[in-house]
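Structure, as structure tokens:
Order of writing sets the labels: A, B, C and D. Residues in every chain begin at 1.
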Amino acid sequence: MSTTDTTKGESKETTSGKELVSIFVMGKKYEVPKNLTIMKAMEYAGYKYIRGCGCRGGICGACGTVYRKPGDYHIYVGLACQTVVEDGMYLTQLPFFPANRATYNLEAIGSDPEEVYKKYPELFRCVACNACTKVCPMDISVMDYISAIKQGDFEKATELSFDCIQCIFPFENYGG
Amino acid sequence: MKISYYPGCTLKTKAKNMDCPGVAALNALGVELVELPRWNCCGAVFSLADDDLLHLLAPVRDLIRVVEQGDNKLVVACSMCYNTLARANLLMRENSEKRHTINTFMEEERDYNGEVEVVHLLSFLRDEIGWEKIKESIKVPLRGLKIAPYYGCTLLRPQSVAIEPPEKRTLFKDLIETMGATVVDFPASTDCCSSYQILSNPDIGIETVSKILESAESWGAEAIVTSCPLCEYNLGKRQEDALRKHDKLKELPTFYFTQLLALALGLGAEVCNFELNHNGVVRLMESKKFLTAA
Amino acid sequence: MPYPQELKELIKVVEKTRSERVARKKKNEEVPFLSLEERKKILDYHPDFREEGRREIKVGPSKGYRIAHEMVDMLEAKSRVNPDLVDLSQVDYETDVLVIGGGGAGTSAALLAQEQGAKVIIATKLRHGDANTMMAEGGIQAATKGWKDSPYYHYLDVMGGGHFKNIPDLVDTLVTEAPDVILWLGKLGCNFSKFPDGTLKTLHGGGTCRKRMHYAADITGAEIMRTIRDEARNRSQDIKVIEFSPAVELILNENGECAGALLYNMETEEYFIVKAKAVIMATGGSGRLHIQNFMTTNHYGATADGIVIAYRAGVGICFLHTVQYHPTGVVFPEQAEGILITEKFRGSGANLVNIDGQQFVNEREPRDVESAAVIKECVEKGKGIPTPTGKFGVWLDSPMIDILSGEGTVEREFPGKFILYKRFGIDISKEPMLIYPTLHYQNGGLEYKSKGETTLPGLFVAGEVGGGVHGQNRLMGNSLLDILVFGRIAGKSAADYAKSRSDMGILTLDHVRAYHKGLEEADIETDRVSPMLLPDYTLPHVKERQLTSCYVGTLR
Amino acid sequence: MTIEISDKTYDEEFVKKVEEISGENFHKCMQCGTCSGGCPMIEHMDIPPRQIMILTHFGLKDKVISSKTAWICATCNACSVRCPRGIELTKVMEAIRQLTLRKNINYVEPSAISEEIMAGLPQIALVSCFRKHTS
């Protein structure tokens, strides 16, 4: 493979000597320049992505990352390509996680809420704890759009969920 | 007058025939029911496990929406929603320990201390509008219609949230009389319709429904009126199953009180969405000439 | 990070001239478009015209063609596998149609092939849908409106944008199939932005004479991708998707027909043989080659794999000497560097202004002209805005949009970018964006004809991997159109071809051996292997310690 | 019905759990039978509510847990409002259900409900049924 030119596009700023912060990648400590995104910080540390990296522009949902900060009880979720590292950040990438995904024939299903009950009865177990909204890396009001579906207001649900990038990728019956 | 209004999921879909005539009727009486922005499902049943606070989050969030609107009263039409919201409200008002835990958990919301008053639409009609005023506005008196008021469980039990004392209940009676119809009080008026058991144990559900229908019929009712979409489903839509099982039973049309009110106020069948009711309601209304009168 | 103080000071200059510029916009007064003569002159600043940036390729069907060093490096390289080690008698998957690439072109091809009754396998390097399609923001062009527009005008725009070098047959197909594609997407449930009466909203794109660009807020590609990906999943009994498994070579038969491909499971580093009656190449572009060291808007997987392996199998290349630089890529904050800012911002009224707050180019020039103008403004005139990272950019004055179309328009119409900047503490409805041209699109690619067919029987091409339809420069909104029009056509052609094919012959990788011989004969001595699969962003200090990085696995 | 009561049959943990989850002092029950008398579901129950109360009081876990009574209870509160001792029996029933549900055992399996039944149901039926009968 050709020699790596580190001034190439993405990697450029990582070479300049900068203030370092400590991050913990799946428990292991690395010193990385601050102001890098998680993705670039992990590459700086020597990781090469196979999974967990996609468009690098915040739209494909491949790089969902869970992280915690010292002294903070919250669990945060962000996109690795969009979230800037912070000192002491503990992070791990979202593993493959199969969502319950219905198959359907768009021509054959109607627009009544019962079509949704049939496909996703679990919606009706929602307790409005709002954890979904809190973890959404796209700032989508998940709880509200789930509510809208239950109320049969699909237009509102579509609008509210429009920016979803499907970071928990709903796989189903996939070979390979 | 404007007042915050919580319709509930079912009223937005299966029970539009309760929501639409209710909103229209109140409008005709000079009240604008303002649907809460961002409301969510209340959870339908109040959580009975003492250590379960998670299921209180949904109704409390709805109450917080009321405060966010700068309002302190919430009108609810669906009986189950009313029961759940009112009980959650009471708990937030009275149990400081649980209130604290819930407020702390919902850090993204403002604190809630039970400031809102949760009112059922029936009580609102009596207390804020008054039977007299309603009577003056009646355009199509439902004369000659014999109606059995069906309260079910959630309007009257438990006592802490009962819309009126169960033994001295008059709300439905007064409303029916105000509309010019005849009240047929019957013993099963406050019996349980089997509620969610219709899903878990459908046979038991149908038996329970049959008894209620039989009771109403034996006292001479021509129709049943209710304020709960689950009661309406069990007594109305599933009535066919009961009729199939019991030869003696006759068809007994089941209405929401909001439909009868809208009709009596002369708003016509259009706002009543009778097509969502499940048994001979239009036939009965036509035979009584209530539909043409408007 | 928010704009530092020195940039905030410079923003004040932009604010000073803003009201005057808004007033001009309201009166429809624009910076005049450049004449053809002027356009030609300014293009000297375009990276395509730097002769030192390219060299002649010395091997293969397009020998003698001068293209970017980075691309030649990929083509003048050995296979990742030694053909002698591959046992072609052990077939792992057999199918009617193999689609290589799980983006928009590949997925629409799979859907149409399935509709023709074919069993389909999609092999894709990352996840199904991880592709540049997902990132396309602005929209998709199609002459759907009977009023004042037709494929005829669309045709002229495409040809004009491509400097009249486009292959006419391909453009003809592109524009005439376009309205059907919009209809098809609508039926599959794609939520295009619409007026309350249900009419599709359309916008202008750079270089177009009519408003025919359909869009879904500012995530049109993502909306299209999730729509067609969902549809592929709904047909999972016929469409099998193999992820994290790029094709690393095509497999031919003794008659020189395409007969399948060799897949590589990047995670287990195993190779698998797919025997297919027809193969569709839909691997997309090559932004991650970082031609001339430009930053890129492209997806992690855009590494020219399909061009490499089809070239080895004898398919020629064209138009690869031109590369599209999107005029407006983020140059600051550095975390977002390279990310595309859709042309729709300019279409909606935002000016491009220099350090003095002055406009220097019409916002609706073709992309190559627009890019060249920005580079000229920074490099020659010295009117660029220096960034804290030592680069240059010019302002894209997004706050104008809220002034022109009402408060909240930026947030509503560009939710993706609004959120992106919000994360860095910048409100783009109040502050302008700093932009610079960024490597965006591979104008050229494999040679193919209007049914998707190539000179290699059994191999079809769809989308960015192919060259010709956009000539030397693609117009906005035509890439989403390209992948869907030619994806659908390739799908149908491949399924038809598969149906008519009975004898598959004997599988062989002889073409790889021949190519290796060609390299030797051309005196190319190299340890490069290709396709690249994933770009390498490892830093030198790490590389020095990676003592076993000589292997050709996924990682090293 | 003859039942044996001894140290061995008394499940203290069970009694404590029911006390804890229900928040009710069911030991106050004086076995008057008002609950059973007013229960609209009684004919479908294998053990009447009054007996459930005494069995729970005596810590006879297996009998209580294996009874279908708590699952037939529709939480109509008829018993609770009539109880002369002020016990909210519905909360005791809830606790008994929870002891099973909290082991991740569902009484109703959401994914197994047929599409036809789903189609006609009002949302509150689904929500309440899932709340009462799923873990």
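Basically, contacts are C-beta pairs under 8 Å (C-beta built on N, C-alpha and C of every residue); 3 or more make two chains touch, one makes a residue touch a chain.
All figures in this text were calculated on a predicted structure; none of them were measured in a lab.
Centrality annotation: A (chain centre taken as mean Cα position, compared with the mean over all protein Cα atoms). Remark: among chain pairs A-D and B-D, B-D carries the greater number of C-beta contacts. Measuring from the averaged C-alpha position of chain C to that of chain D gives a distance of 62 Å.
Averaged C-alpha coordinates give centres for chain A and chain D that are 42 Å from one another. Look at where the CA atoms of chain B average out and do the same for chain D: the two points lie 26 Å apart.
Distance between chain centres (mean CA atoms), chain B to chain C: 57 Å. Multi-chain contact residues of chain A (touching two or more other chains) are listed as 112-113, 124, 150. Among the residues of chain D, those touching two or more other chains are numbered 113, 120-121, 123, 126-127, 131. Counting partner chains per residue, chain C shows two or more touched chains at no residue at all.
The set of touching chain pairs reads A-B, A-C, A-D, B-D, using the touch definition from the header.
Touching chain A in their complex are the following residues of chain C: 1, 70, 73, 121, 123, 126-130, 132, 134-135, 187-189, 191, 216-217, 219, 221-223, 226, 231, 233-234, 236-237, 240-245, 265-267, 290, 293-297, 299-301, 334-340, 389, 415-416, 419-420, 423-424, 439, 527-529, 532, 534, 536-540, 542-543, 545-546, 554-555.
Residues of chain A touching chain C in their complex: 1-2, 4-15, 35-37, 40, 43-46, 48-51, 53-60, 62, 82-84, 101, 103-107, 138-139, 158, 162-163, 165-166, 169-170, 172-176. Only residues 20-23, 40-41, 43-44, 71-72, 74-78, 80-81, 88, 90-91, 94-95, 98, 107-108, 113, 117, 120-129, 131-133 of chain D touch chain B when the two sit together in their complex. Contacts from chain A toward chain B in the complex involve residues 112-113, 124, 126-130, 134, 143-144, 146-147, 150-153. By the touch criterion stated above, chain D contacts chain A in their complex at residues 110-111, 113, 115, 118-121, 123, 126-127, 130-131, 134.
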